[in-house]
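Chains: A, B, C, D, E and F, in written order; residue numbering restarts at 1 for each.
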Amino acid sequence: MRGFFIGRFQPFHEGHQTMVEQIAHDVDELVLGIGSADQSHTMNDPFTPGERIMMITKTLESLDLTTYAVPIEDLNRNAVWVSHVQSMSPHFDVAYSNNPLVVRLFEEAGMEVRSTPMIRREELEGSRVRDRMRRGEEWKHLVPDPAVEIIEEIDGVSRIQQVSDSDANGS
Amino acid sequence: MRGFFIGRFQPFHEGHQTMVEQIAHDVDELVLGIGSADQSHTMNDPFTPGERIMMITKTLESLDLTTYAVPIEDLNRNAVWVSHVQSMSPHFDVAYSNNPLVVRLFEEAGMEVRSTPMIRREELEGSRVRDRMRRGEEWKHLVPDPAVEIIEEIDGVSRIQQVSDSDANGS
Amino acid sequence: MRGFFIGRFQPFHEGHQTMVEQIAHDVDELVLGIGSADQSHTMNDPFTPGERIMMITKTLESLDLTTYAVPIEDLNRNAVWVSHVQSMSPHFDVAYSNNPLVVRLFEEAGMEVRSTPMIRREELEGSRVRDRMRRGEEWKHLVPDPAVEIIEEIDGVSRIQQVSDSDANGS
Amino acid sequence: MRGFFIGRFQPFHEGHQTMVEQIAHDVDELVLGIGSADQSHTMNDPFTPGERIMMITKTLESLDLTTYAVPIEDLNRNAVWVSHVQSMSPHFDVAYSNNPLVVRLFEEAGMEVRSTPMIRREELEGSRVRDRMRRGEEWKHLVPDPAVEIIEEIDGVSRIQQVSDSDANGS
Amino acid sequence: MRGFFIGRFQPFHEGHQTMVEQIAHDVDELVLGIGSADQSHTMNDPFTPGERIMMITKTLESLDLTTYAVPIEDLNRNAVWVSHVQSMSPHFDVAYSNNPLVVRLFEEAGMEVRSTPMIRREELEGSRVRDRMRRGEEWKHLVPDPAVEIIEEIDGVSRIQQVSDSDANGS
Amino acid sequence: MRGFFIGRFQPFHEGHQTMVEQIAHDVDELVLGIGSADQSHTMNDPFTPGERIMMITKTLESLDLTTYAVPIEDLNRNAVWVSHVQSMSPHFDVAYSNNPLVVRLFEEAGMEVRSTPMIRREELEGSRVRDRMRRGEEWKHLVPDPAVEIIEEIDGVSRIQQVSDSDANGS
């Protein structure tokens, strides 16, 4: 059985890893859909799809689970979102999400969706991690080691600090 | 003479119906342009274009006026908006709106635009109706019966409640 | 029961009318999806969506069948085409088409599709009618009277003749 | 009085220059709209908008005429093309073209369009010049000196030869 | 040497002019990239690209510097922004900006970027000028005379006042 | 060292596999960019990105090489293509291609590109394999076993036969 889990993974953090480990009990293979793949270099979406593929793949390669990291570009039309995801991703039997819109869209399309109590809390960690990076605080304990390495290689913290200045000043 | 009236109709409510009845005194035929046709399943735009076509058509079929319900997708370029509307819609002689941007765009294109004192107030009812649906309050007295039926058929209130949770939690 | 029939209707001709009359035996309501709605002023797609809505509506208003004329813009992604159509159109129970791609896409989405032996032949009449217009030959016997009137009102034959020159000369 | 002349200028050649000189008798200022501005690196559209701006500006700077070189991206919707051009360009009073589609679109929008017998023939020179470049034949006598210089600076002939191989082999 | 300076120029004001005069000491030619070229008729982006080209060109024609005013449409993908700018603009050797995101994107692409202490302050003047226009206050001393003339010709102040009403009322 | 190889992989065939095996001598990791990722269900592009990810991953998992299968959607702007690819893909040091346009674009961007004599011939096999499928001829000896399995699971041959009928009949 193959599962599907969507996130923006900005960055891939410990919460994501925990969740993947939980889902691994249920499925043989897992697709990680990388949402907002067309966005990068903003406070909310600092990392490119390629950088996020690396964080996910390098972190999960030690796990005993076949995973696929698939960028999903925004079409900005909720009504076709499920079809879009289904065409970009290897076929999957069940979707994992606690995001109410995602749950609704999969349900209206007749797909099985499962939620975990942990997911919501973990999702929120994304902005917490980025805020810590922006303020120059400690963040590495919240992110798996292989993802830390990639962020350092691309000088990711300075990128977040620089683009967050833009957000503050308007254009 | 044919008139044109643009709205998002999320949902089609009593205010819209009153306005159509007023415009019916002036014109033989009326085009209802369904704005933001590419949007659905959000707090501001919960219903699909197809669902909105049904609400409009079923509500107005008892009226002695030939009407056309035409979805208008956003091109996100104000400078070509009037041309876009003119190509999507049957030819019209006069546009009805109280939205200052819409009025300005039609005026710069040399089209006749008419306003009604009622329109503004009625326009505001859209968000009021959606808020009532979201909070589980009474809303059916604000919406024509045929539109109520369609909203119930598609389980529209639960959709609004579910996607409004997403808005609250961010992504 | 509601049916769905997609075409480009460039222009709406007798073949389309015959087909709608046949489908009328099976359904209570019929949606006519106007394909390639973003195209106009070319040899293959001379008429705007608004002009095509008028041809369809004026021709079918004498018929004892509730019809909806709904423009469908191209998204240029076959994989989401069915979802796109379903969101733009009032809900339908069965689709009518003899176009093999359309049939395939509906079937992969689990929708019922019906074909009629007549449809293919009639579809081909579109380009035959346009060729006659371009060459200044007789064409009005192939098009219902209300559609003829609209084409004459917008000076449609001269438009086809003029844009077909462009096609011949390249750009 | 300000005129508008649209072309793809792939490259800007002697025919274009002659035409601009003719139009200069009628107008005080001239906008050169650079069509298909989103295309480059193909056999039909080898040069970028920036490269085409340079060819036009450097060639015409000796002329006693105020000119503007304005890239116009394709929106792929003929129905809004005139509005799009009008918003991208400084205001103009008259358009110059012999392209039948362009003429038709401006006329339907109520704009004055003028044609010159020379224009058509000159337009055809674009592909003739590119063919000569592709085959390694003499081409510099067909292109104004300042444009020749720019094409050589960017190694334009080798670009055309290389991308034309792609066209030949399909993808 | 050719420089590149990006702005939205809504409108072109004294701060922009001062900056161009400063940059003129360093370069032989200057490209002014007109950002958000697809936007107009909003409170933040009231003027069309064509109107902004006119303000820039008419103001700078007295300057002893070759300038190019080039509209740059948003692609909404930061990762390809530098390539997009480079293809739309004549080749440039150095970019001028104090916007941290712009600086970051050019730096990651290996381009030289220079900043001036003045630029930031001047950038902020854009919204200050628009606010004054909206409130009916004095604004002409903040805008070069040729740009003032263009704004008056197109009735720009009334446009800002009208569309700012729309912003206030939502849709 | 990481390499990048772009193809449409419609389907992934023996020629692709041979090429990957050759490239494996030079690199530690290889990204397979899946071009035209937004296309499917046509004669030239029958398979979805998700189906192509599966063919690639299942075929290459026995190889001693870390591979990434990354869908690349068309932006239809050659000038930003390299940046687009670089943002979607994990960082790579060298690109492999014999397609002259791809080679040109990477070279103009200053990237190293390598070609292999085999690649051209193998590329051509894509259409040969699809033609055999369409005509009901033998094709499985041209496609690696894991890809054959996936094509059979999704009933791929009948899809090609059905959509090729559409191509033949026009629309």
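Of note:
Quick note on the criterion: a residue touches a chain if its C-beta (ideal position, glycine included) is under 8 Å from a C-beta of that chain, and two chains touch if they have at least 3 such contacts.
Not measured: the values here are computed from a predicted model.
When the partners of chain A are compared with those of chain D, the chains appearing in both lists are B, C, E, F.
Shared contact partners of chain C and chain D are B, F. Residues touching across the chain E and chain F pair largely coincide in numbering: over half of the numbers involved belong to both copies.
The distance from the centre of chain B to the centre of chain C, with each centre set as the mean of the Cα atoms, comes to 26 Å.
Each chain gets a centre from the mean of its Cα atoms; for chain A and chain C, those two points are 43 Å apart.
One finds 36 Å separating the Cα centroids of chain A and chain E. The multi-chain contact residues of chain A, meaning those touching 2 or more other chains, are 40, 48, 77, 79, 86-87.
Taken chain by chain, the contacts fit none of the simple shapes, being neither an open path, a ring, a star, nor a full set of pairwise contacts.
Every pair of chains in contact is given here: A-B, A-C, A-E, A-F, B-C, B-D, B-E, C-D, C-F, D-E, D-F, E-F.
Listing the residues of chain A that touch chain C in their complex gives 75, 77, 79-80, 82-84, 86-87.
Remark: chain B residues 8, 35, 76-79, 99-105, 108, 120, 127 touch chain E in the complex. Considering their complex, residues 37, 40, 48-51, 53-54, 57, 68-71, 73, 86-91 of chain A touch chain F. Interface of chain A with chain E (complex): residues 38-42, 48, 159, 162-163, 165-166, 169-171.
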